[in-house]
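So that we are looking at the same thing, I have put the structure below in structure tokens.
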Amino acid sequence: MLDKVGIAKRIAQELEDGFYVNLGIGIPTLVANYVPKDISIEFQSENGILGMGPFPIEGTEDADLINAGKQTITALDGAVYFDSATSFAMIRGRHVQLTVLGAMEVSEDGDIANWKIPGKMVKGMGGAMDLVASAENIIVAMMHTNKEGESKILKKCTLPLTGLGCVKKIVTNLAVMEVMSVGGLKLLERAPGVTVQEIQAATEASLLVNGEIPEMQLVS
Amino acid sequence: MLDKVGIAKRIAQELEDGFYVNLGIGIPTLVANYVPKDISIEFQSENGILGMGPFPIEGTEDADLINAGKQTITALDGAVYFDSATSFAMIRGRHVQLTVLGAMEVSEDGDIANWKIPGKMVKGMGGAMDLVASAENIIVAMMHTNKEGESKILKKCTLPLTGLGCVKKIVTNLAVMEVMSVGGLKLLERAPGVTVQEIQAATEASLLVNGEIPEMQLVS
Amino acid sequence: MIDKVVPNVHIALSGIKDGMTLMLGGFGLCGIPENSIAELVKMKTTRLTCISNNAGVDDFGLGLLLKGKQVKKMISSYVGENEEFERQMLSGELEVDLIPQGSLAERCRAAGSGIPGFYTPAGYGTEVAEGKEVKFFKEKAYVLETALEADFAIVKAWKGDAAGNLIYKATAKNFNPVMAMAGKITVAEVEELLPVGVLDPNQIHTPGIFVQRIFQGKTFEKRIEQRTVR
Amino acid sequence: MIDKVVPNVHIALSGIKDGMTLMLGGFGLCGIPENSIAELVKMKTTRLTCISNNAGVDDFGLGLLLKGKQVKKMISSYVGENEEFERQMLSGELEVDLIPQGSLAERCRAAGSGIPGFYTPAGYGTEVAEGKEVKFFKEKAYVLETALEADFAIVKAWKGDAAGNLIYKATAKNFNPVMAMAGKITVAEVEELLPVGVLDPNQIHTPGIFVQRIFQGKTFEKRIEQRTVR
């Protein structure tokens, strides 16, 4: 079974040379720490920066330079700042190749719910609805089950949707799954030490298990 | 009767302090030479400059600095360059207060035709359709009649339209007329030495003549 | 040159009345018009509709207007970090309209650009699209979103000149340029107000035509919401 | 940093094939991608659809492609200054689609922004609106215009860096930034190609994400169409 860092490491394997990538808050943010050394990636933050660098060295924080999580950041050489309309032109116009987001629920049709729990304080969708409706490639990073042990990978989402039929791949603490174009999920990989039966037990959605399912290969 | 310079001088009286103004090619361009000294105006050219200055001094022409008529120009202090989408955001968004355009025909409903003569080579509408559809205040600068002496101020335009019901005022070599909100034109001023009868004879459109019509006051 | 300079924030905001709709630039606490917000608190203007990506924190940014119960309605994409906001929203005192961030930005730009409506994929199939026209282009569904106008747009820039030309710094740009286009009256507060002719006309982010009033801000605290270091 | 530099115009334009749709930046002869146009002449690619505000003059700019009968269709707002153009158009060899200039610019931006359609007042009540959907907003009529895509967008900038970031000069900016957003593949030719890190990230007009290939142009004649002096 993976921890959050393990999920991030596995998602980092999905990065390809030349990708512009938008990382959501939470587990997705950790992906930036595990970019393979031999490829070039640029991170876009929807508040208006391309070429986002690491957090600043203490004492050099700049209130005018933050990421979408409102954290102080730095800019790499070649970075560029832009306004919010241009930022979402990049996202909606599919210039960003990969979006990694967290989710509360994902359905077997690739629906995603990650912004609202009825009865609880709603903070808003931020840029999530634009991101999921637009990106060609959306990977969800999430825990497979909730605190009560119930599956978050469902036949149908029960929470209000963020987007319809948009998730392409799901990476959880237990497995890597693909959303098939005909609907339904296909099990691609098992987390280290996790059996297919354990994954099936934790998954409410239809899950196609075809042949031998390999264990994830994670470099430390 | 006015010449082209006279028409330009009369239109210059319509300028108000703080106006951003777009001048079309031909007579409208001349208006820039007669801006009253006591007001501040800025000229927008739709190819991407605000704060357009006079033509350059010989030897200082810059191929990268032109107006919408493709003429070399200069930029005043406070000028700014922008792309074509932003330029038409200014125009469509009604940030430009006054547009002065030439026309082949204008109707009593404020329709304007100035881009196409069937059977002749069509060069295109350029920015004219955006300008007429968007501007709050459009003044047409034109000769009252064509070379055959026929009225260009008509009940209905005969040529393909550039815009529907958009002209607010017409300044010709003979008269100043207003397009009334109920339709029909109202005669506001006579050119020096021109009688109301001469104007009526040269105008096919319905022309309201109410009381004494003053002669234009042009400072030289 | 058309001079847009006003001597202070008081005159810059004159004309703002109870019940008006204001746009306020910024993302989180980054690039917000601090001086204008402080003046709005003093003015005690009420029943405001505020269009802003976020709602500030309890004791800074738009949180200050919420504290004084000056806001009737917030139009935002994310309103997380604010307890008073939560209290007023849950008690029904405060109306909240949540809009996807990209749609919010584009709706501001549309208003400033004379485009009354446009189609976006964002929100299709969700409650955000309820009651909105849906149209298919190349077999994909899009939602019609409309221009979002404001009586006043209040933005914050880094440098500006008397003609109203503005330059923003780093990610403090965010919503400021699109909101600057959308206000019936746009007010800009700047860190540095320069004479006309100093700014390079190639480097201006917001052309002065969009700005009606500009003033030199007195103080910029520029509070950091999430100070993170290596 | 994602490196976009290609060594020359030949490699920059590889993949352009007969029958493709190209966008070409520029207004008149100002800010046109001269080096790329010269290469297209050499490539002898035919049946091109060219989206460009103007069509050049007889012996420069897009006029060179027209002369070689490489263009099947022009999509432009104004095509005045070109005798060969007139001849081909009147003889029916050349299709011409004339679009209001503001709609042309916005349709390019829309394509690059993932907005499949928007409403504009331009052309309502004229032949430009024939067959197009009309919708009323606040009792005013608007026409639906759609995104305009291209296989390749070819733009010309003043300065650029290896990441594809671009800065334009003066009114040579014009259609270049919106077309740069709209190409499936966007090629930028620049007067000055600089190492990454030299350009101020606050002053970039076209973020490198929109550009797939960038090269240093060999020669820039920058011909003046209407030399006017005081």
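Chains here go by letter, A, B, C and D, matching the order in which they are written, and residues are numbered from 1 within each.
Assume a residue touches a chain if its C-beta (ideal position, glycine included) is under 8 Å from a C-beta of that chain, and two chains touch if they have at least 3 such contacts.
Small disclaimer: the values here were computed from a predicted structure and weren't measured.
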Contacts shared by chain B with chain C include exactly D
In contact with chain A as well as chain D, sorted by label, we have C
The chain whose C-alpha centroid lies farthest from that of chain B is chain A
Per the C-alpha centroid definition, the whole-Å distance linking chain A and chain C comes out as 29
Dist(centroid_CA(chain C), centroid_CA(chain D)) in Å evaluates to 32
Distance between the CA centroids of chain A and chain B (whole Å) is 55
Chain D residues touching 2+ other chains are 106, 109, 113-115, 120-121, 168-170, 201-202
Contacts with two or more other chains occur in chain B at residues 75, 81-82, 85, 88, 91-92, 134
Touching pairs here come out as A-C, A-D, B-C, B-D, C-D
The answer for chain D against chain A in the complex is residues 1-3, 109, 111-115, 161-163, 165, 181, 196-197, 201-202, 204, 207-210
The residues of chain A that touch chain C in their complex are 45-49, 54-58, 61-73, 75, 81-85, 87-88, 91-92, 111, 121-130, 133-134, 160-165
Within their complex, chain D touches chain C through residues 106, 110, 113-121, 135, 137-138, 140, 142, 146-147, 167-170, 201-203
Residue positions on chain B within touch of chain C in the complex are 18, 20, 40-42, 44, 50-51, 75-82, 85-86, 88-96, 134
Chain A partner, complex, touching residues on chain C are 27-31, 53, 76-81, 86, 89-90, 96, 98, 100-106, 108-109, 120-128, 158, 168-178, 205, 222-230
